[in-house]
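Letters A, B, C and D name the chains as they come in the text, with residue numbers starting at 1 for each one.
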């Protein structure tokens, strides 16, 4: 899979502002979200290709989280269309998006404080059935344990989220998202507050996931740390698309530089 | 898969072996065995005397009746816990379900001549429908507003009963529906005990399965649950329907015994609504076991007080006359000595009773086991946080 | 035949007087909800307490002034003690306040059952006589009730907007944090609010009991009524509560007069359910005073 | 206070009285006895063989040395109706203890009083305590019909004679008639059953119509079980009179605001409200008087029977007319005034109707048991069926088992002379003399003390 080829293909598609359902695993056309009179997302269109790692970048308040929330169904968009795997999914509630294979992590971390790491992960592996004997004997734990190992929490299985360090919380977020067995993973600010080695190990994990066939969208307000990871980036500002291209292209884009007031992007 | 199944089976069998149970569960099994054997025990020479002494009455016959009534209330308290204890939406008018079950069943039996067994099923069904009617608005209205809706719902029902008193008998209720198993002391006791155990096993298993884990997760954080691909709406409505159906079953069976009758004061009074909250909260919210024990305790306490032949000097009232008044005062006292603490203490107690304080050990039921020391992680704290959030939103706290 | 006009006039006068009582019943509840952010489920029982204070004062031969004084003072002191003794330390846990005040109301009701029984008690008549208006006669008591209700609403308005303490109440109702920043002690403000609310509930109980007689459970319907009015008017809004009280009062009188007298008590519940389902934030949203 | 100065006397007064002491002292003994019995044969036999309850545990022959009278009263410590039941039972027991004729074989007669709280479930539980735990030889009392109807099955289960002294629902007697062997243990010593109450109201209207001058009435009945037959009887018979029923309303049992109802009565143009009220009467009377509603007020209003009611309502009950079993001044039999005096000197006030009836019921039961020489329930039942006992309210005679109102006290309307058998209730009006109220009897003539006064504002 050539990242460059994918980028070229995509660049054409989005500049035309004419996104079609099958443009990628996720396609968003003319997404608009208003709160009262405030426009948070302004006719934004983009597409995400299968198995790429897309950086989704913008200054604070640019509308990244709102876009995320509209795509995952947390808010219904004011206008626009979202396609996932070729199907129209605009306004589908979050839990259904998860079932379709789209998972996300939360920037603000939202683990269940009342239970252990292992059980937090186990929750996301549960079926949506009302009456079940499953869980009565704790049989989820083997699989949940495997995921915990994967995200590097195998020595903290029985701690509660409150006992985890910052990096551990991030790993737990990832573990919970992986528990739903997603095809597309939206990762919100994964590197905020991480040390160098931690950034590296999380990056490795994300790359591994991509190699296994997962598509990833990584949100951040700058590109530091993302450069080694992403194949392509989209930059938004004031709710609309500012730039789209390879990390190098983005870095050298004058509009982007202006938006970040001289080098904030670095 | 077969390997897996066999190992599961072995696990299950291992769990059912009474000798392998932890102490608290041994106590529980012993208690159950005692309840089941009691009618036999009273006929033994020495043991019988002892049994009658601890019964909430001064004769074994009345003791069994009172115990049967308490078992029905215990079922009702468990049904409250299933929704309020697990999802954290406090119901202030749970008598609604008790009443819908009881009245429906009585009316089907008395008005349409259905066998009481069939009409009880009708009562359960309609109470489940009432669960939907409360559960669906509960998706939109939350926190104190929902509590308000639940508080008002039985009052609206009472107004309807009064307005159409030719059908519902107004505040006087309906007459005397046919009994399920006649007037017998022992047979009615076993009816109540059987239903109580059935409900207990059902709710215990359900809340210890994934479903319970999801419900408690809803209490903790709804966003996290939907991020796990689970529909909070579906599970919340399920909790209300389940709770409604079981509350309805308790009410329906109760009116078809010699210890209960379909009147508003027995099924849906403000006092019933308060008693059920106190029962679950004292016994331990979100544990089922606690609600069951709390329900038995709350129902039998007035019976025990009633046996006390003591007249308070200055006011010239006997203890038995004031039993409910005293119960309310004691409750208030407990709520105040440990501000919020009696609840937490109850939870810790409930946890110990259900063995959920093990925290880290694998093999525990997947019900969100936790240590009680962590502030903000028990059902009461979670529920309080939940309500605080709504208030903050309502009062423009610190958002935006 | 009485003309439609005179029937309509009678309904309006009746409804205006009932609504004034309803406003009196609900304002205390609104105040506590708006300022303290807690639901006082003992509000109905406080009204009952007002009525029975007047009854006991009558039994003790304290005369009319004694009865009036008792019906205001006892519930006010009770509400103040309730706040200091139980509610204050639970303020961060509104659900516990609901449970505790609900149990308090049960204690009060049961105390009356134990000492007075369940039958109604007649309270000394506050004002005798009748007056005629729009071709119908009404009790003077209800007329006075109407006037007192508006005087109280007016005084409350002046108090909140023109006194230092009143402005403190306003500030606390807006934002607890903000109020503490400018040096207002919210617990003192809350205490004042509870005392005022208790006194208003007592006055409502006095009028209600004098008009209809008193019994142990009389407060339950008043609590539901207060709820309905507050929900209709919007949380914590005095203006909203007054409007809500009049809306429900007129609706109730119209239904009992025009449809059936057995519909008493149903109007507030119906209004409540409709508002909760259609416009849960109430007609006036959240605003404490204007 | 409403309980006419007898506050707390039902329970607390025990201490000072012979009966009370014995009652308290005996209790533990009784319990222990029951207990051993239960633990021994009873449980094994009845517990598993059909589960049909214990039946009367007492030996079937003779008068036991300790006779226990079980009394069910609504809130005897603060409800005047319940207080009258409880106090009269104590009074009757004291008489029996002092009498060498009645129950002479018994060393002591004790009374156990239980509060029904007007709740069917509580009533049921208290009844079972009386019969199962305390071994009551007979039970009496019960004011609320809802409670009585819920007691019929337990009574048949315990097979202990029960003599109702307050509740009027004829459903109970219908049950006796339909399943005699099962329900024969129930007797109604008074009041006359609900249907007869209604008929009595109509009979009164007919007899005193000229004095009252009510050409049209608005029928207001509270929605409780007991008023169903009352309303039925009025509907059945009032057509025979020259009186129009221009309005008929069963108002909700929890009604506290009578404004809308009275508005409708005014609109209907009725001369009088013809009422049946027991539980809800005070707000109705107080609002009628304070609003000076332009119609008269009469019928059955149980609370106005209370002699202290005038001061309790601040005179609001002035001009109201009510049927009553007896008043302290109405000399229905030679026992009436004596009993009222005894009651007054013991409790500092006069009883309501349930007092007269409870007293009569206990005395009649004791008389029959003495005659038969046993407290055996079946013996006493047949004794009561044949008995004609002159009590304070009249002659206590019961309809036979084939009568639709089997085991109900006979109703016998008379105007000029007391009936030979059965009872004939009185009608009283609250009138004022010298600033205080008195219950003047309007009817029947042989005990009447005053003429009807219409309220001046009508």
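Just so we're on the same page, a residue touches a chain if its C-beta (ideal position, glycine included) is under 8 Å from a C-beta of that chain, and two chains touch if they have at least 3 such contacts.
All values derive from a computational prediction rather than experimental measurement.
Trainee: Any chains in contact with both subunit B and subunit D?
Mentor: Chains that touch both subunit B and subunit D, as defined above, are C.
Trainee: Considering only chains that satisfy the touch condition with subunit A, which of them also satisfy it with subunit C?
Mentor: B
Trainee: Could you let me know which interface, A-B or C-D, is made of more C-beta pairs in contact?
Mentor: Comparing C-D with A-B, the pair joined by more C-beta contacts is A-B.
Trainee: Looking at CA centres, what chain is most distant from subunit B?
Mentor: Comparing chain centres, A lies farthest from subunit B.
Trainee: Between subunit C and subunit D, what is the gap in Å from one C-alpha centre to the other?
Mentor: The mean C-alpha positions of subunit C and subunit D differ by 40 Å.
Trainee: How many angstrom lie between the centres of subunit A and subunit D, each centre taken as the mean Cα position?
Mentor: So the centroids are 79 Å from each other.
Trainee: Determine the centre-to-centre distance between subunit A and subunit B, using the mean Cα coordinates as centres, and give it in whole Å.
Mentor: 43
Trainee: Can you give the whole-Å distance between the Cα centres of subunit B and subunit C?
Mentor: About 33 Å separates the centre of subunit B from that of subunit C.
Trainee: At least two partner chains per residue is the criterion; list those residues in subunit C.
Mentor: Residues 113, 115, 262.
Trainee: Which subunit B residues reach two or more other chains?
Mentor: Residue numbers touching two or more other chains: 162-163, 317, 321.
Trainee: So, with touch as defined above, which chain pairs make the list?
Mentor: A-B, B-C, B-D, C-D
Trainee: Which residues of subunit C touch subunit D in the complex?
Mentor: 14, 59, 113, 115-122, 124-125, 128, 130, 139, 141, 211-213, 215, 218, 256-257, 261-262, 264
Trainee: For subunit A, which residues are in contact with subunit B within the complex?
Mentor: 74, 93-96, 98-99, 103-104, 106, 110-116, 118-119, 122-124, 126-141, 158, 160, 162, 176-177, 179-180
Trainee: With touch defined as at the start, can you tell me which subunit B residues reach subunit D in the complex?
Mentor: Of all residues in subunit B, those touching subunit D are 39-40, 42-45, 48-49, 52, 57-62, 65-66, 162-163, 165, 170-173, 175-176, 181-188, 258-261, 263, 265-266, 306, 309, 311, 316-318, 321.
Trainee: Which residues of subunit C touch subunit B once you look at their complex with the stated criterion?
Mentor: So the residues of subunit C touching subunit B come out as 37, 39, 85-86, 89-90, 92-96, 98-100, 102-104, 106-107, 110-111, 113-115, 174-177, 220, 224, 227-228, 231, 235, 262-263, 265-266, 269, 272-273, 276-277, 280, 286.
Trainee: Under the touch definition given earlier, write down the residues of subunit D that touch subunit C in their complex.
Mentor: For subunit D paired with subunit C, touching residues are 1-3, 75, 77-79, 117-118, 249, 251-252, 255-257, 259-261, 263-264, 279-280, 282-283, 286-287, 290-292, 303, 312-314, 316.
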